[in-house]
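We just call them A, B, C, D and E in the order they show up, numbering each chain from 1.
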Amino acid sequence: MSVWEYANPKRFMDTSARVLPWLAALAALCLITGLIWGFFFTPDDFRQGSTVRIIYLHVPAAMMAINAWVMMLVASLIWLIRRHHVSALAARAAAPVGLTFTLIALITGAFWGQPMWGTWWAWDPRLTSFLILFLFYLGYIALWSAIEDSDAAADLTSVLCMVGSVFALLSRYAVNFWNQGLHQGASLSLDKEENVADVFWVPLLVCIAGFVLLFVTLVLIRTRTEIRARRLQHLLLRERMQ
Amino acid sequence: MELRVNNLSCARGGVPVLAGVSFAVAAGQALILRGPNGAGKTTLLRTLAGLQPALAGEVSVGADDVALATHADGVKAALTVAENLGFWAAVHGQRDIAPAISAMNLTALQSRPAGQLSAGQRRRLGLARLLVTGRKVWLLDEPTVSLDAASVGLFVQVITTHLANGGLAVIATHIDLGLTAAQTLDLAPFKARLGALP
Amino acid sequence: MIALFLRDLRLAFRAGGGFGLALAFFLLVAVLVPLGVGPKAATLALIAPGILWVGAMLSCLLTLDRLFATDFEDGSLDLLATAPIPMEGVVLAKAAAHWVTTGLPLALLAPVLGILLQLPGPAFGWLTLSLLIGTPALSMIGAFGAALTVGIKRGGLLLSLLVLPLYVPTLIFGAEVVQRAGQGAPLQSPLLLLAGITAGALALLPFAAAMAIRVNLR
Amino acid sequence: MIALFLRDLRLAFRAGGGFGLALAFFLLVAVLVPLGVGPKAATLALIAPGILWVGAMLSCLLTLDRLFATDFEDGSLDLLATAPIPMEGVVLAKAAAHWVTTGLPLALLAPVLGILLQLPGPAFGWLTLSLLIGTPALSMIGAFGAALTVGIKRGGLLLSLLVLPLYVPTLIFGAEVVQRAGQGAPLQSPLLLLAGITAGALALLPFAAAMAIRVNLR
Amino acid sequence: MELRVNNLSCARGGVPVLAGVSFAVAAGQALILRGPNGAGKTTLLRTLAGLQPALAGEVSVGADDVALATHADGVKAALTVAENLGFWAAVHGQRDIAPAISAMNLTALQSRPAGQLSAGQRRRLGLARLLVTGRKVWLLDEPTVSLDAASVGLFVQVITTHLANGGLAVIATHIDLGLTAAQTLDLAPFKARLGALP
């Protein structure tokens, strides 16, 4: 059986209905474990004090914000090439979730920045490019909601997503060029010396897993809603045609 | 040149409107589309022109053979009548706009900015544009709207000449044009039935 | 295509066509910012390159919503879609006409506004040059945005929302060139990057824009 | 009049109505300016009040061209002119709907953008207050400009040109309030002047705008 | 209620178009305006509605008594049919839109966004608006454009009822409506002559 079978809305609805409860439970489990562990059972950092605990929300949210966009890009490509409605709707469903994660990363970052850098906001390249990503999400969602015909909206937003991805990458590069920043480099990579200590690292990994699962769960739920909304819209349109 | 439509289905705004439309119009012939408001005449013409994809079925002519004239007639208010026509002629690689101007009785209005035309004069300009496309298949959506009796006469003459020169035309209209070489197709029976949910 | 380009130029120059409005808007932004920020010359000199580039971008943006929308509303776009020019050609011709009527004059006017904003002396030439190189990308990216929003009535604001994030790299490199020119720093790399963005946009975006228009005409 | 106000609100919130776009544009301006000007916090803090006020003005401006133009194009304005509401009432209802959908949310969002632009702490409250007091004038002056340009197809840019100079006093006093608040200086007089402008605009401009519309309908 | 026009002259875009038009329409009567394209029918109707000032002459009714229906019908694409009508009813201080909806056969389309109507359906909505104005004098500019035969029938019935209730109507049209209680006025003879340069 090929993967594309799930592109059939009916199959998708059936399968996702079966998978969803498990996914949701797993996501809740990981998040609760990771967050409680992280917030209550880790020592204070020697430099950052207790503020280090923001990391358990901040880093997973930031990672998922980017991954959500990548997922939208893939789904858009699938829609443009193979024209499976489920993938267009999944892209649509992922956008608000991605936007929320971006916002969480921005807000938790701001709360972290206050004690660490003494300012809520700095025009650091990483922060700046996140803000730009936020704008891309906004534009994408605004375009979806401005166009009534759902196929046309899917086509147009897919094109926007592709072009936007290229420009988002360019912006990232440009922003780096523009300013050298304050923000932490990647510290999760396994081969680096200055990796955070294991005490922080393990709960962080659990949190990240929780966020990934949360994302998948939310996207599935929202995709199901979108599919239903689309069916409903068709029924209404049809009723009107009588 | 022949326009052959085979088992065509079209949709508007995502909803199937027509299904199973088939007809053939030979060179020199005209087809009058009839049907109550909302039957799908505009939808069919736009599909024939290649502006929207058909749900199913085939159309024998490509977008390169057709000239479309709809409610909105692509007239720029800031350009004069002659400039408007000249532009469309240039786009279609034609040169001479004089025949089109005289055929639709626009000579006196030639250098008037199109924004200052009355509804019927503007419509005449929109129809004159057909003549500078050099296309054989004319798709006309309610072409006589706002035209007075004399202009309708002019228009019928233009169509007749076009047909005599081997052209063909599909015309959606609610009134009787008095064209002799015309079949009529009523779209009401082709209303799309409810299919399975997508 | 040439006919289309010429028609668009002609429409822009006709009464009410709006040529010169982008310039005037640019001028206004350059005047308003000192009014809001305060008249200190040192502050102004500091922000001049950025403000000039942002101003040029905004004025470019404001003219964009006319690009396809008027043609869409009066049916011309339907007719162009059935005309013997590829839609990509239509996009290019219209973007080119847009550039000639906004980007080019903006680049030429910018030095004058530079005086208003106390731009440092050596930066003047580079300001014009960077605008000349950068504004074609603005027009082309804008044409893409306009193509996406062509079906939406008065979609001007949505257009801004879609297009401005895409303008970010152009803005950064463009302003950086002028900034560096003012400080006498080397400016080759931002200039090259700016040119690269323009070249890339001109090569690829017409296809995306043409596709968007076709979808919107359905 | 209430029916008209409600209809305009409803249209703004419907799909494609464009509510929220003014906010997004405001955000964009606040992001683009630092990208052009450079990231130094001290510079940004210096120009923040001015940029925020200019940004609010521009976003307000960009929504204005819809104010009467859509109604003009679809014939509603003709019909409203023969309806039993005075044209002044039409203008007021539309300006009020415009303010509720742009000025009010702009004022509420502004503090967040203040963070981005490193606005000094004490100025935040005054920023919101000055915008709350000043934006009704922006909407009303804008309605007047929109009434003047209503017959012009896509007159958005021309509208900007007419309206921006009229915005100058509001801008100056509004930015001054925030500026002084940031420096802890007394700010009563600019605040009072700002309120005066708003009151004056609301009292007088509906008549001028109504007259302009009547002329444009001829 | 009577509409009395005395020696009216009107201009369009600064150019005099009509001069010396006089007529009277009593309650219960309709006047059909005829004339070739560009004769000035639209100009006359706009002048009667008070949208543009007359160059000379008098009109006996004020802007508060007339309801105008032009090519552009003031329909908002984003609002539904019922919302559109409801708005105009509220503006005119009326409440009940049900009779208007059923009179123009819009019941099935009631909750459809107006942007999704076909040309004729939209026009029906524009005409239904007349019924919610509660005005006595109807000024109609080519009201039957895009309407199919059945809808024209509906419209004629609506007009007839309006006349029977003591209303009156001035209708510019190129086609024959088959209204019984109607005079006809041809505008061609009233064409403004070129006077002295102003």
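The criterion applied here is as follows: a residue touches a chain if its C-beta (ideal position, glycine included) is under 8 Å from a C-beta of that chain, and two chains touch if they have at least 3 such contacts.
Predicted model only: the values in this text are computed from it and were never measured.
Peer 1: Touching both subunit B and subunit C, which chains are there?
Peer 2: A
Peer 1: Quick check on the contact graph: shortest path length from subunit A to subunit B, in steps?
Peer 2: Counted as steps through touching chains, the separation is 1.
Peer 1: Please state whether D-E or A-D has more C-beta contact pairs across its interface.
Peer 2: Taking the two pairs in turn, the one with more contacts turns out to be D-E.
Peer 1: On a CA-centroid basis, which chain has its centre farthest from subunit A's?
Peer 2: E
Peer 1: In whole angstrom, how far does the Cα centroid of subunit B sit from the Cα centroid of subunit D?
Peer 2: 45
Peer 1: Measuring centre to centre with CA averages, how many angstrom lie between subunit A and subunit E?
Peer 2: Centre separation, subunit A to subunit E: 56 Å.
Peer 1: On a C-alpha centroid basis, what's the spacing between subunit A and subunit D, in Å?
Peer 2: Each chain's C-alpha centroid was found; their separation is 34 Å.
Peer 1: If a residue has to touch 2 or more other chains to count, which residues of subunit E qualify?
Peer 2: 71
Peer 1: Show the residues in subunit C shared as contacts by 2 or more other chains, in ascending order.
Peer 2: In subunit C, the residues touching two or more other chains are 16, 152-153, 155, 158, 161, 164-165, 168, 172, 218.
Peer 1: Could you tell me which residues belong to subunit A and also touch two or more other chains?
Peer 2: Residue numbers touching two or more other chains: 132, 135, 138-139, 142, 146-149, 175, 178.
Peer 1: Would you mind writing out the residues of subunit D in touch with subunit E in their complex?
Peer 2: By the definition above, subunit D touches subunit E via 2-4, 7, 10-11, 14-17, 71, 73-76, 78-85, 217-218.
Peer 1: Spell out the residues on subunit B that touch subunit A in their complex, using ranges where they run on.
Peer 2: Residue positions touching the partner: 13-15, 17, 192, 194, 197-198.
Peer 1: Give the list of subunit D residues in touch with subunit C in this complex.
Peer 2: Per the stated touch rule, the residues are 16, 18, 21-22, 24-25, 28-29, 32-38, 43, 46-47, 49-51, 53-54, 57-58, 62-63, 65-66, 69-70, 152-158, 160-161, 164-165, 167-168, 171-172, 175, 179.
Peer 1: So in the complex, the part of subunit A that touches subunit C is made up of which residues?
Peer 2: For this pair, the touching residues of subunit A are 132, 135-136, 138-139, 142-143, 146-147, 149, 152, 155-156, 159-160, 162-164, 167-168, 170-171, 173-175, 177-178.
Peer 1: Which stretch or stretches of subunit C touch subunit A in the complex?
Peer 2: Residues 144, 148-149, 151-152, 155, 158, 161-162, 164-166, 168-169, 172-173, 176, 189-190, 193, 197, 205, 208, 211-212, 215-216, 218.
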